[in-house]
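Shared between the two complexes below is subunit A, which has subunit B as its partner in the first and subunit C in the second.
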Partner chain A sequence: MSMAGAPRFSSSPWSPLVALAAFALPVIFVVVPLAIFLSYSFFSVDQGTIIHTLTLGNYVRFFTDPVFLPVFRNTVILCVSVAAICIVLAYPVAYFLTTLKGRWRYALLMLLLVPLLMSYVIKIYAVRSILGLNGFLNKALVALGILSEPSSLFVFNMNAILLTLTLLLIPFAILPIFLALERIPQVLLRASDDLGASPLQTFLRVTLPLSLPGVASAASFVFVLALGDFLTPQMVGGVSGFTFGRILYSQFGTAYNWPFGAALSVALALLVIGAILLGERFGRSRGAST
Partner chain B sequence: MSHNTDLLTLRSATKSYGSVPVLHGIDLSIRDGEFLTVLGPSGSGKTTVLRLIGGLEPLTSGEIRLDGQDISRMPINKRPFNTVFQDYALFPHLTVAGNVGYGLSVRHLPRKEIATRVAEALDLVQLGRFAERFPSQLSGGQRQRVALARALICRPRLVLLDEPLAALDLELRRQMQEFLKSIQREVKTTFLFVTHDQEEAIGMADRICVMEAGYIRQLGSPHELYYRPNCEFVARFFGENNLVAGTLGSVQDGLRAIDTALGRLLCSVEGQPHLQAAATGAAAFAAFRPEALRVASAGDKDNRFSGTIADVAFAGSSTMATIAAGGEASRQRLKMRLASRVEGSAFTAAENVTLAFAPREGHLVLA
Partner chain C sequence: MRLKKLFLSMVAAGLGVGLMASTALAENLRVLAWDGYADADWVKDFTAATGIGVDVVFIGSDDEIWAKIKGSEGQDFDVFAVNTAQLQRYIKADLVTPIDVDKLPNQKEVLPRFRDLTTVSGVTKDGKVYGIPFCFDSIGLIYNTDKVKPAPTSMSVLWDPAYKGKVLAYDNGEHNFSFTALTLGYKDPFNLTEEQMAAVKAKLVDLKRNVLSFYTTADEAQQIFQNNDVALIWANYGQQQVKALQKVGAHVAYVNPSEGALAWLDNWVISKGVHDKANAEKWINFVLSKKIGGELSERTGFGNTVVETGSAGSKDKLVWLNNVEDPLKRSDLWNEIKATP
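Then we have the complex of A and B:
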């Protein structure tokens, strides 16, 4: 930092205020609520009133009660699966997009991102009607002769949550992968050809490794979004599709146990932070920049 | 080094982008083991020549022959050539050793052999200590040498270099020129070097191919191009030159007269039948180098003319004087190179001088 640049920032009488606001806004709207949540997780509830004495009881309950840990584990498995399926489906799409020329590339990308503009609830309803007993999926499978009669395999269970989340979150996987692929300089691919690599070798040895940071951030995006979602499991999960998000939701609603809900959210938040850090780290370790 | 046999031949090689032609059916033979530089201003088609040979782009028409075999349709990864790209194009996710060994590992050579050959190649470019570094941890000159090692390790028949020194600063560029030339001598591989910098071309090439507007203007040794340019473009493009327009006169004793604004000049046409045969009265230029000009002495009978010093510019080892000569109506600005002296130039501005150049140092190009 050069000294010459410093006076420019302090020249306006408003600038200290602006600087203060820049720091204050995230503190007020992000850090303080999180801190309040954290402190709530150490309280307890008795007869519907919150007792403001510090206790580790909520965390002890989370780790000892036979209900929560298995649901937590199943939810993680579910979200990892969603992330994995999204990546597998999104990668070819993103790759195809980068092979397009000029405006087609962005027109098609925009088209793929249009679902993001739609209401989440409406999308879930739409997917639910596709997956339902009389839905498009079942009718198509029956018409193709794959099933003899409509199956209830796709709705109101874990499969339904998996399919719905995958459908809803796939744009979040396409975008980072597309950006990573697009950033790879074409000349590196030509250099690989020039050195005698076949198209497949060029893909496996240059394109794929250089796009891994995008894959990592796509995976962590999808994982984190899937983990935090309680609406989708609520609407398509039925009785058997019970996820951690739903438990959390119920603590703040029907159960009216905010401290325990807060403790569960802390557990979830830690997992989310871990996932983001992992995605970040994995994304950076290879690409050693240009 | 034997430069006798042709390694690669372009025949009527044409390239168009849509309806825009960038290469007009050029013929070019590259000799085995030579250092051939393709020189031209931007837009001359020089990089296109390299891309066509490398297989980065298909020919529009014509053919490319390697050892007499047509390879125009051969895919890029099957051609026994390797390219050193302008901005190196090193793989950022691979170490120096990984980059250099890439061409061998895609051919599934045994690991041990790859390791030995990578070590050899890195020693050749004096980067043995940097094998485990990533490209981002290297300087421009070092990346350049990695790119060279990566191209050489595959033992290509021809190394294509696409303005590889353009991104380096002047001092490093000089060093790299010498380095490239010495490497080329050591590995005895044919180099095709593309550049827009004529100094770079003179310094390294066995032969230079000058291109302009999609045509080859002249192909020859740096010496030939400098002293015997065959057209106005080469005469002006290749080094500092004085060109004075005129009409051709008679031929006598290997010299030909040309009537110009500076009077009647005599220039050498020895060994150049096309200049000897050109019609009297045809438009041409007398061309003479700034270093050929000198202050006339009593003994100078031919090519004498007077002028006024317009400007004297010190340029280190030499000083360049600009001289206004010829009549009012057809004023010529000539460049004259003088050896620099510690006490300053012998010339001062506005001084009148009589100058001359030896007829054998003069040259003619047809207009």
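Then we have the complex of A and C:
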């Protein structure tokens, strides 16, 4: 049936149309908007109206103004830290999941993914009431006698953003690592064992290298999601946690400087594309070597 | 306050459309207003008293009013409501008609600060009256009565090192420049010179070092207040914000600073394409009554121009919001301030 069906489908008079639609949709809904967006980054704004004359001014401003590059750098450092912490925390969890048998494995995995079903804003609100100076965390630490008075270490600063983003994004790190670990054939581990390797040796020389593609995609997922987030820094960052996303957001809201905002977005998009390519490449070369 | 209006007007817009459809053929008064400015019971009373039918369309943003009025060159509505900062734009574009104040007996009974319209900046041009003030609210200071003693009288308390890390400010460059300019004693906070701008910027960097966080919505400020040690809030949402905090048991009070509080003021305006100007004036006069003024404040929490409310005492100095010299520049400087370590 399927053998007969395939050629008949491709020779149908509709097939060129279907093919056209398959190409047209991504072009219309992805490529064209991106192109418009890119072209905006070469416009400028005067007295609240957009001037449609091409200029490199926005990019020059990004590189020369003392405000943007330092914030950009700090934001990248922040997001790399978030990705690193997420990986460190997610790896043991994912590893533990793969050691479970049958139904338990997926039940626990589902439980870990449940937070993704919750509204993102509600989670930030919840985290914020946990972190406040009179929040749950400080109250608990003081009540347990660990702190003598509430600490402002995690109140409206970069640390708070780091912690919140890690909490929000950790499911995105667990999943790819879990999938990579699960794909490792058990026979390889048994072979390693048979050849006299200790469990630690097996982990370091078989499991870990084979799971690195998962780690790479987890890291790039988390990094990219953290980089694009402006709401978390806005809501828990206070006055010292100023990030690139917040600058970007302000260009579209209060400033009404879409062209400059577009240029800043292009800078961010280039970084994101770079991160994804890096994660992809790293993941694939490792995967291919097996 | 605008967000709430937007939200409510989504619901109300449906009702407005329904009303319009049902009475489209009769020569009704066509009103375009924020939600809460033309409630159904007032409309009913107005029709009963004057025999004039009313079609109300509710709007959710300043841009929407502009789009509707400019889009029809003022032909689609007889009377509408805009704030003082927006009104000059309509006058310039020749979309509005001067109002004969003698036709509005109730205007003589309004609160003293609104009686002489030449003193209300933004509602007149070349000696002609274009807007009749109707609803307002000040942007004052909320203070925690347990922590701030004596009661503050000026926004300068926000810079007091005694409250370091206990101040909530609002995340908006435009307003922050204006109120800081007032605090520094500048006469026109909406048109700052280069030197004034630099001085305000330096002052705002100092403010930032005293601030716990910059908030954007009233809910957000309330949540931070409940979970942290907050003494002072720059109250962008005015009375609504105070009442919401008091409702959850916070010990807070509200004060308009002595150097002048920024305040928004919405006005009734008659469009260029008004069909029956006398009817439009009857409507404006009708909603300026003590009964409606009181109900307006009771229902929305905003101040009205007829009866005294918590928004402002009779001695409080209010500075009506106006267009600023360069919003883009203020916004860029605000980002620089936020990025300053």
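Please note the rule applied: the second predicted complex is superposed on the first by the 279 of 290 C-alpha atoms of A that agree within 3 Å, B and C clash if a C-alpha of one lies under 4 Å from a C-alpha of the other, contacts with A are read in each partner's own complex, and residues count from 1 in each chain.
Keep this in mind: a contact is a pair of C-beta atoms (placed from the backbone, for glycine too) under 8 Å apart; a residue touches a chain by one contact, two chains touch by 3 or more.
The model shown is predicted, which means the values in this text are computed figures rather than measured ones.
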Fit or clash between subunit C and subunit B when superposed on subunit A: fit
Partner chain in contact with A:Ser192 - subunit B first, subunit C second, else both or neither: first
Touching partner for A:Phe223 - first (subunit B), second (subunit C), both, neither: neither
First (subunit B), second (subunit C), both or neither touched by A:Asn257: second
More subunit A residues in contact [subunit B versus subunit C]: C
Which superposed partner A:Pro209 touches (first subunit B, second subunit C, both, neither): first
First, second, both or neither for A:Val45, with subunit B first and subunit C second: second
Which of subunit B and subunit C A:Leu133 touches, first, second, both or neither: second
First (subunit B), second (subunit C), both or neither touched by A:Gln201: first
Partner chain(s) touched by A:Tyr249 [first = subunit B, second = subunit C, both, neither]: neither
Distance of closest approach, subunit C and subunit B, by C-alpha atoms in Å: 46
On subunit A, positions contacted by subunit B and by subunit C: none
Complex interface listing, subunit A residues touching subunit B: 185, 187-188, 190-198, 201, 205-206, 209-210, 286-290
Residues on subunit B engaged by subunit A in the complex (per definition of touch): 54-56, 75-78, 81-83, 85, 87, 89-93, 102-103, 106-107, 134-137, 150, 154
Contact footprint of subunit A on subunit C as seen in their complex: 165, 171-174, 208-209, 211-214, 216, 220, 223-224, 226-229, 327-328, 331-332, 334-336, 338-339, 341
Interfacial residue positions of subunit A with respect to subunit C in the complex: 45, 48, 67, 70-71, 125, 128-129, 131-135, 152, 155-156, 234-235, 237-240, 242, 246-247, 250, 254-257
